[in-house]
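Same chain, two partners: subunit A is paired with subunit B first, then with subunit C.
Let's turn to the complex of A and B:
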């Protein structure tokens, strides 16, 4: 009973993650500037990678035919998911800060840019 | 004495992490885990921990668990659905880089808030001003451009839990 529940929950997370990955890739093409694309990338990182990894761990735990191998797979899947959750935003922070400081990516269109205002790049917007 | 306590405090969590990762409880893995954890703790414990008592405070761990469950279900679902909607109607995006003040002290709390903001689609921390205590957040659908209003919409929940977990 519990095994079946873990299996179906894991399958939902895995297949849902694949669908969300496709949508995030579409968003990557439809958004027209660097910062907006960063948001689409976040969608792909959390629902598209972390959740499917949790799902993979649940599926392997539910498959008793795997014997003790299922604990290896589940352990690796869960810890990788948690590390991805902790480290994915670090990469986003680095890219976003680098893009803004080097002014390689112009945040257009934008309503207000408080960071540029405070750095004195473009007076009041 | 204090250095020794810090050094010893980091070993059990590292052993637990190693055993969770390998998914095995054999004597060989346990011995390897303890050796590796000792070396890593010797190298990095003084940089990672300043108050070992907090690491073993069950109330903080309980808040961390509550926050993890709340964050991974409700908060992420709301943020993902709003950004997935925007993918189909990109013209409804209203991007802005807003200034969001924070009032926590420790590096861990600041990191937790910044990571939580970035991990929710729709908001990305672009820069942090640690002297004046501001996050600069790129917000895909800015509904409130004032500092207090943006904080209420984006980071207030994270800050409340970061204070309970790390401060």
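Let's turn to the complex of A and C:
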């Protein structure tokens, strides 16, 4: 019962991750400026790598035919997923901040720009 | 409309190329060069002697690559380490006389700093595991040291140039660790020979295991019987190389992190 649940949950994460990753790839091509494309890239990193890895771990845990190997696979998959979950958004954050600070890209559809306010304060002080 | 026509033409071209490649692959097997049926004689020799205790040439390690690097062609790797040492000496000679810069890169935002601090704990653990298991699994001293240096690079980029130097990672100290690693390698390289000379036997430089005609060896089990396999000199050489490469590459990254302003003035002793 629990094994079947893990299997189907893992499959949903794996297939859902694949679908959203394709959507993110389309977004990389279609979005019109740097920050929007960065959003698509981060969606791809999380849905295309983190969720499928969690799914892979769950699937391998549910496959008792793999013997004790399934715990190694699941452990490596979960560890990698957690580290990607930690580092991928920070990478995007650093890239976005670098682009903003160097004024290479204009944040175009924008409601409020707190970062520019911060930088303005630092520049003025 | 013109753009759409070009896109269509490119799509057709890509499809034709992909189909052509697929047909080519299917017709020739996986690659144009036929994959060999068996092992080449040299590979066969290595594979059949590394962990075969009935062989006189065994190196007591199940990891064939490490056995080749540190035992079968160990002297070559020692010279490679020496070349790497000279390269770092060259990098230090380039920036000699440059003071620790007053202008410092203060690191990234709070978000990046926080996650970097979490990751900074994990990277040396992975590095040590790669280096200390070098005689059992793929990896070794150089690989582990390179991974360790990634942690230094991350600290410099994300936490600022003051982070490492503020914790005593000075140029001289890192160079001292690097030299210590090289000295340890040299010591392990001649240890079997010194043992042999003390016993009045035949021995070799970089000798690892006992041989019928050179009856000295560095052992391979820690604790005897069902002890821990350390594969003679391989473990110590990996450890020393790990130390040397970690310190050396960290030093180079610290030098590369020097701000441009501190280099413009030129060297002044």
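The working rule: the second predicted complex is superposed on the first by the 108 of 125 C-alpha atoms of A that agree within 3 Å, B and C clash if a C-alpha of one lies under 4 Å from a C-alpha of the other, contacts with A are read in each partner's own complex, and residues count from 1 in each chain.
Rule of thumb we're sticking to: contacts are C-beta pairs under 8 Å (C-beta built on N, C-alpha and C of every residue); 3 or more make two chains touch, one makes a residue touch a chain.
These numbers come from a predicted model, not from an experiment.
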Exercise for the section: Could you look at A:38 and tell me whether it touches subunit B, subunit C, both or neither (first, second, both, neither)? Expected result: first
Exercise for the section: Name the contact category of A:65: first (subunit B only), second (subunit C only), both, or neither. Expected result: neither
Practice task
With the two complexes superposed on chain A, say which partner A:2 touches: subunit B (first), subunit C (second), both, or neither.
Solution key: neither
Problem - Which superposed partner A:20 touches (first subunit B, second subunit C, both, neither) - result: first
Exercise for the section: Tell me which partner A:94 touches in the superposition: subunit B (first), subunit C (second), both or neither. Expected result: second
Fill in the blank from the handout: Counting residues of subunit A touched by each of subunit B and subunit C, the higher count belongs to B
Completion exercise
subunit A residues contacting subunit B in one complex and subunit C in the other 86, 90, 93, 97
Fill in the blank from the handout: Note: in the complex, subunit A contacts subunit C through residues 83, 86-87, 90, 93-94, 97
Problem - Touching residues on subunit B, where the partner in the complex is subunit A - result: 17, 20-24, 76, 80, 83-84, 86-87, 90, 93-99, 114-115, 118-122, 124-127, 129, 136, 138, 140, 142, 145
Completion exercise
The answer for subunit A against subunit B in the complex is residues 20, 23-24, 26-27, 30-33, 35-36, 38-40, 42-43, 45-47, 68, 71-76, 78-79, 85-86, 88-90, 92-93, 96-97, 100-101, 107, 109-116, 118
Practice task
Flag every residue of subunit C that touches subunit A in the complex, lowest number first.
Solution key: 108-109, 111-112, 115-116, 118-119, 122, 158
